[in-house]
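Have a look at the structure below before the remarks.
Letters A, B, C, D, E, F, G and H mark the chains in the order given here, with residues in each chain numbered from 1 onward.
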Amino acid sequence: MEKEKSPSKGAASAGGGEPKAELAKIDIFRAWCKACGICAAFCPTKVLARDEGGYPYVQDLEKCIKCGLCEIRCPDFAITVETIGKGKRRAREKREETTQGIADSGQ
Amino acid sequence: MPEVTKLIHKYLRHDKKFPHVWCPGCGIGILLGALIRAIDRVGYDKNEIVLVSGIGCSSRLPVYVDFHTLHTTHGRALTFATGVKLANPKLKVIVVMGDGDAMAIGGNHFIHAARRNIGMTTIILNNNIYGMTGGQYSPTTPHGMKASTAIYGHIEQAFKISEMAVAAGAAFVARGTVFHAKQLDGLIEQALVKSGFSVVEAMAHCHTQYGRQNRLGSAVEMLEAQRDNAIPVEKASKMAPEALVGKIVTGVLVNKELLVYEEEYEKVRERAGLMMEK
Amino acid sequence: MKKQRKVLLIQGNEAVVEGALRAGCRFFAGYPITPATEISEGMSVKLPALGGTYIQMEDEIASMGAIIGASLAGVKSMTATSGPGFSLMQENLGYAVMAEVPCVVVNVMRGGPSTGLPTFPSQGDVMQARWGTHGDHPIIVLSASTVRECYDHTIAAFNLSERFRIPVILLIDEVVGHMREKVILDDEDHVEIINRTRPSVPPEWYIPYEDTPMGVPPMADFGTGYRYNITGLTHDVRGFPTARIDEIGPFNERMIRKISKYRAEISLTEHFLTEDAEITIIAYGCVARSAKRAVLQAREQGIPAGLLKLTTLWPFVRGEMEKLLPSTRVFIVPEMNMGQISREVKRVNRGIARVVTLNKVDGTIIMPQEILQKIKEVA
Amino acid sequence: MGSRYEIRLSGSGGQGIILMAIILAEAIGIYDGKCVAQTQSYGPEARGGSSKAEVVVSDLEIDYPKAVKPDLLLAMNQKSCNEYFRDLNPGGMLIVDSTFVTQLPTPKAFQIPFTRIAREKFQREVVANIIALGAISHLTEVVSAKAMEKAVLARVPKGTEQLNRNALKAGIQAARKAKKQWLHAQAKESPLPPDEDQEEY
Amino acid sequence: MKKQRKVLLIQGNEAVVEGALRAGCRFFAGYPITPATEISEGMSVKLPALGGTYIQMEDEIASMGAIIGASLAGVKSMTATSGPGFSLMQENLGYAVMAEVPCVVVNVMRGGPSTGLPTFPSQGDVMQARWGTHGDHPIIVLSASTVRECYDHTIAAFNLSERFRIPVILLIDEVVGHMREKVILDDEDHVEIINRTRPSVPPEWYIPYEDTPMGVPPMADFGTGYRYNITGLTHDVRGFPTARIDEIGPFNERMIRKISKYRAEISLTEHFLTEDAEITIIAYGCVARSAKRAVLQAREQGIPAGLLKLTTLWPFVRGEMEKLLPSTRVFIVPEMNMGQISREVKRVNRGIARVVTLNKVDGTIIMPQEILQKIKEVA
Amino acid sequence: MPEVTKLIHKYLRHDKKFPHVWCPGCGIGILLGALIRAIDRVGYDKNEIVLVSGIGCSSRLPVYVDFHTLHTTHGRALTFATGVKLANPKLKVIVVMGDGDAMAIGGNHFIHAARRNIGMTTIILNNNIYGMTGGQYSPTTPHGMKASTAIYGHIEQAFKISEMAVAAGAAFVARGTVFHAKQLDGLIEQALVKSGFSVVEAMAHCHTQYGRQNRLGSAVEMLEAQRDNAIPVEKASKMAPEALVGKIVTGVLVNKELLVYEEEYEKVRERAGLMMEK
Amino acid sequence: MEKEKSPSKGAASAGGGEPKAELAKIDIFRAWCKACGICAAFCPTKVLARDEGGYPYVQDLEKCIKCGLCEIRCPDFAITVETIGKGKRRAREKREETTQGIADSGQ
Amino acid sequence: MGSRYEIRLSGSGGQGIILMAIILAEAIGIYDGKCVAQTQSYGPEARGGSSKAEVVVSDLEIDYPKAVKPDLLLAMNQKSCNEYFRDLNPGGMLIVDSTFVTQLPTPKAFQIPFTRIAREKFQREVVANIIALGAISHLTEVVSAKAMEKAVLARVPKGTEQLNRNALKAGIQAARKAKKQWLHAQAKESPLPPDEDQEEY
């Protein structure tokens, strides 16, 4: 059915693991954050937690698999994850979404 | 700045106030991110994009991004978009609407745009409610649910937006959810590169209005529901209709080649030119 | 268009088409309706060969939306309709006012209200043209009483629209729209065609709703590098929604000023024997034709009558009328409605002269004799 | 003829009345170079019904575009003859299609069976209006026969030129005959007897 | 409804709901829009328990169509909207005028034009309410300046509508619609409720659009044996389309007459200290409240000011104003628009008194001080 | 008087002028006959029928028959009908529209009426053109055909009215032709007795506008085309889609049981009554 | 699919032939007839013909099978056929429509 | 108190300002039997933003319904305090939620940490507005404490009566304390020192 170029396809095929030690850098931009809790709720490894005001903070950076899901699901562009190479991250995301019941037909 | 954020910030308007207007946790912001990623991937120039919307929470989306943005009247976005595209077919026209905007007051423009197959992409944020005006039922509010104008339970059948688009003749129709944000940007990307009229229905939550009235919990809980109810179309096609009640069938529902309006009109110009000479 | 001199016997509606094309209109979106259909049909036939676009939309609301979109993409655009369709266009017409999008709407008036008398003439939509959309707003409305004027005033409508970034309505009546007269069209070079001012500054400097001295900011076409926000919400100079009183006030003030300041230039009229007239007819559209005849007949009978023929209906030509206040003893305002422009005449008159109305709403046009009769009554 | 001359053409829906008026107006306006204004009125209902079209002619710009007291009335059927005769200028001319108009409001009418001629001579009812135009060009001075021919030929479909030229001629011929009778009748100041002779067209 | 005395602190919009129900309204079709949504919501909650019907339609055009249909079926009906929706209703509103179908349309005015200022008050739709639909037509427009009046004048709107078989528009502004005040509703028996006159003759004798002495023919509900044709085309007394001048004329004449004849009764106003006023404020809606205060303050300062508060906006209360012409030196017309009712005041004034306008369109309401200031200026 | 004629005359208005307004041979008159026969068969009383229409040649139908007749505004018939039916559910509401009326300006009302499933019958006379205004293209004008606003050939896809009705959720949808006038009255009869929203699409010819511009001949020739192109749905379901191009699939396309709006609303009244008491 | 009563069904089951001699009575109401030609064109047995004005007239009454199609297809209610019993006519109609390619699903 | 008393309540979107105004108006209007008019203004954007509601009280019918020079201003956050303080009647009263309002435009303000009390004493931020109402009933004479309690209880969801009653009481108590401090400060005619004591609520 699909004949269009899908620019991300190539990237998605790259994969593999990275050294556990390489820590992510997670930034929470408080001025834009509305404390909705989405990032924390869906972090697959429970890296993020919420303070009494509901704002997220990094609780356990070690566990971050840099999947970037917190970043793309944040409705307010208020959290960012500095990651390793694009290809690797994509591979992870894909895995994660799939486990949640989705065959990502789009890419 | 991290990569994705850099990307997002490349497209956000710097002279517009953030945080944006939507409620904490609203799905529209997630859609905005998905749209930006898709646009970036297809590599359109900011100057060739016209992002059109109607009126509603969802229709507040364009104002935050640095394209030509056109916030029109309630339900009429596609009519403006039609004029833009036909007057300058080189422009990439993208239309964002809410379920009320697209399917209540704007339902006719939607089916006619689908029928004409003018080359543009329509993204409908379906949160099953009129968010902006305070939670009245929309044409996609399911039977039995509550809304501020249906406190005794809603009695109408809901439209299936994507299925209506298919019946009206759209060349490309896909459905995603904001929970599956990556899939969503992939679907939008495919829609953008499709020649002809393409539709992406993005299921989203309005916890403030729809969620509150129906005790569906916070944004997080409503996102969980999206996660749990989404069924890829490939899988759904093998399931019994009854098993699909309350489910969200996601993926590309239709993708076909049809004559594209602006290309056909170019032929009209040629024919007319020939006749005029005679 | 190739240069040529064409002698044509055409309808007013066809002359509108010719005028629009001459003015540079290259986009038409419409929905058929009697008695304006010939304009749609003419456009559908002629536009494509000129590289333009005709599209028949699903209704008049959509037609109005489409011409606004096309205009924003930089193409002069128009629609044509009659009463019922004009009512439906009101919401988006207001949008064009608010977002300052040039475009032309032709309303060939038929008998109303409602479906009324589709094939009969009327002048029932004059007030609606001014006040039909919600909220206070400026607008320009022209009329035409001959086939030639249909051509000329369509061009004028586009020119005013482009110059002031405002939708301009051309009101003609069924008689004029369907009447055939001889017109000579020789691609006159002297016909002035005005195009919207486009920004001369680089995109970074462009402020889309800036308050220029003239009150009309330059307008950038989509796709030319000037990205900004357009909305029907009350907005600031950048086009962003605002609720700041210090922005709303100046915005509304500029919207009014950009027209009121140039009122004299926008006031198009024709004076016929008015200098020494003690009885002045104020008329427009097909009724102005009857009025002219009645004036001539009155003069033959020694009655000092004159005619102020209105091309511009809105803003009302206050200044032109006031010039006649010292000499005129009686104003007669014949209209094919229950009295619409006559309300303006009365308002401006302030009790100075006598104002007599002559109204007819039975679907027939006001005849010269009827006006002459009135003239004699007040003479 | 004064400066203003008013013509009203009338009949039923399918008789091509409006086209006739357009051609007449083009003949006068474009080819004879006078000022013209052509108008029509539509029945209340969109389909069928009666049809009325007018041409006002003048050397000067035309103000009021409708016929007030027509100088010429062409009635292609009885109904329109009845309806519009009363408007006719006392000195005006009435031409009727005697195929359909059998009751005359005035003895001074020119009676020509346009439709019958069309049927019998051309086997095509549709040319009745062209025949009538031929007659008008002969009976009035408001339009020249040459202008009329040009105007007709400019409007009709390709391939039908000869047919229409002949129709015009037939109209002129019929008018000539009718005029003779009319003069005769006028001389006698009495109503014309039913003219059996007309049958032969 | 059970008899009871209710002391409520409610919004103007909620009072509209209460008034409508009290008037017997049992059908509401609407489409949500700020700042009128509370009316829809209130109706959706309260109608079903009363055996009535609430339906949210796909847009405002449909809402207007539905209430006309319901009224023809014999049920009093209403819709509520704001500017953009009101613009969309215009075509079908004209139909209701033409087919003489009673119904009530509430427009809670917000800032315009276009999407404008959805949450800010304005009085920008006054002229539109009169002239928004195409073709000449009569109409009745009321306004309200307190929560209590929202209740009372909604009832009045229904009564006038039923009595004259005409759509009645109730214009309130965002301030009044959203303001809460205490109202006491005690199912007063003395509240007069008018119902349309239904035919008293048998079906065979019924002539649906007959010219009665009052000008308003009795109206038969669908399903009661009186079958006739209803159309938006100009029609004869039986409801069949007509193009006969001898039918069109009388029809149009009756349409106008049925209102103009009862103009005095329809002219609802409130005089406040006008008897000896040399300076008369003419105001309506929330501005009338400021005006009242300003008048009191002026009186305190010894200035003979008064207030003519308009409930009826259209037809303009010419007679009431004319009564004040002999005594008034200056009329001040404060409005939250660029001058709409003031045009009527000027027209009726005919140059006799001075007419001063005070206009504000920045989304804020006119304050007593501002009016007082004007009073002092002209005193 | 012969039997059928007697029947017809029983329902025609005696104070309305005949012959009616339509062109000689127009299919609308045939539909009128079919409608009368169907109504007679179901045995409705004249006093309980409300026949509603919009604007167009087809919409001139009600004025000739002796029911409550309501000739509304262009495209809006269903909105008026909705008000009538809900205000008095005992009335039998029948709506007649043209293809332009129903699917161009009125398309939105049509799909929403189908979605709500209010008990009324909608009959659409589809002649593929705007007859009344002189032959401009309609949403059902097929690609490539001519119209007075498409003299160079029409470039849009056409709506399939019945299929749209199905997608929008209508409970009963059938298609017939005026040539098959007997079948047509049978379909209308079934639609009338169906509870919920029923649709009958009557294919008809407008030889005056559509036929003339496309050289399709007289009314007779266009009726012959209906005869030759009609395929019963049972047969069509076994044919390949390509073989159905240009064909008219006739018969009952959908007939399903759905919750009926006015019955559901009655339940709302009950629920509301209970809540109010509390 | 269909559950509604179809009042005509019973009638349709009656059938059979009638004596050839029994002639139909065909009335053409000229005041309403618009000479469209439909009745004549689709008369299965060519009973009807058209005069020079296009108006129908009965040319061969003997051949009339009283199917009533001319009557139900006349857009102007201008032609009527006086027939024998309803049932018999219906049977015929049904046959005729079917021969023209329609399985009349409605009745 | 003169015949007219104007109250403005202000804060941010989620603080329940409008509900507070409604309850206050009901207390005064329905239970204390005076005339009231309650209005509010919405931000330009539908969601979030700041919130302002007013109650005008009078013994007589109220003409102008908005506060011109409020006699009482309640500011539940800093932004609204900054914005509206300038409108306050010179003799008027300012009450702030000192949880959020840290920069005071006047030393004469009553500072009460409504939100902090709500959080700490009730673990529910939402009752901050009810606490504030309690404070108002104590600090002003425009409304009686009894009427206030009735009005609150009539509006709150079933099952939360006790919570809200307690919240009201906490508000009154806090107000009593604040008033003492205020009187003290007034006496010294000097700005209050940052009140550490307040922390204990």
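Simple rule for what comes next: a contact is a pair of C-beta atoms (placed from the backbone, for glycine too) under 8 Å apart; a residue touches a chain by one contact, two chains touch by 3 or more.
Predicted, not measured: the structure shown is a model, and the values here were computed from it.
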Checklist outcome for this item: Hop count on the shortest chain-contact route linking chain B and chain F comes to 1
Checklist entry - Hey, which pair has more contacts between C-betas, C-F or F-G? => result F-G
Item to check | Gap in Å, rounded to a whole number, between the CA centres of chain H and chain G | outcome: 86
Checklist entry - Roughly how far is chain B from chain E, going centre to centre by Cα mean, in whole Å? => result 39
Checklist entry - So, what's the distance in Å between the C-alpha centres of chain H and chain D? => result 89
Checklist entry - How many angstrom between the C-alpha centroids of chain D and chain B? => result 63
Checklist entry - Multi-chain contacts in chain H: which residues touch at least two other chains? => result 43-46
Checklist outcome for this item: Check: chain G positions touching at least 2 other chains come out as none
Checklist entry - Where in chain F do residues touch two or more other chains at once? => result 22-23, 26, 55, 73, 104-105, 107-108, 112, 139, 152, 265, 268, 271-272, 275
Checklist entry - What part of chain E is in contact with chain H in the complex they form? => result 7-9, 34, 117-120, 175, 178-182, 286, 289-290, 292-293, 296, 365, 367-369
Checklist entry - In their complex, what parts of chain H are in touch with chain E? => result 22, 25-26, 29-30, 35-44, 46, 62-66, 68
Next on the checklist: Under the definition above, what is the set of chain E residues touching chain B in their complex?
Outcome noted: 31-34, 37, 40-41, 44-45, 48, 54, 56, 58-60, 84, 114-115
Checklist entry - Touching chain C in the complex: which residues of chain E? => result 61, 82-84, 86-88, 90-91, 94-95, 97-99, 109, 111-120, 122, 124-125, 127-128, 130-137, 231-234, 243, 245, 248-249, 252, 256, 337-338, 340, 343, 346-347, 349-352, 361-364
Checklist entry - Okay, in this complex, where on chain C does chain B touch? => result 26-27, 29, 45, 48-49, 51, 53, 55, 57-59, 61-75, 77, 91-92, 95, 221-225, 227-233, 238, 240-241
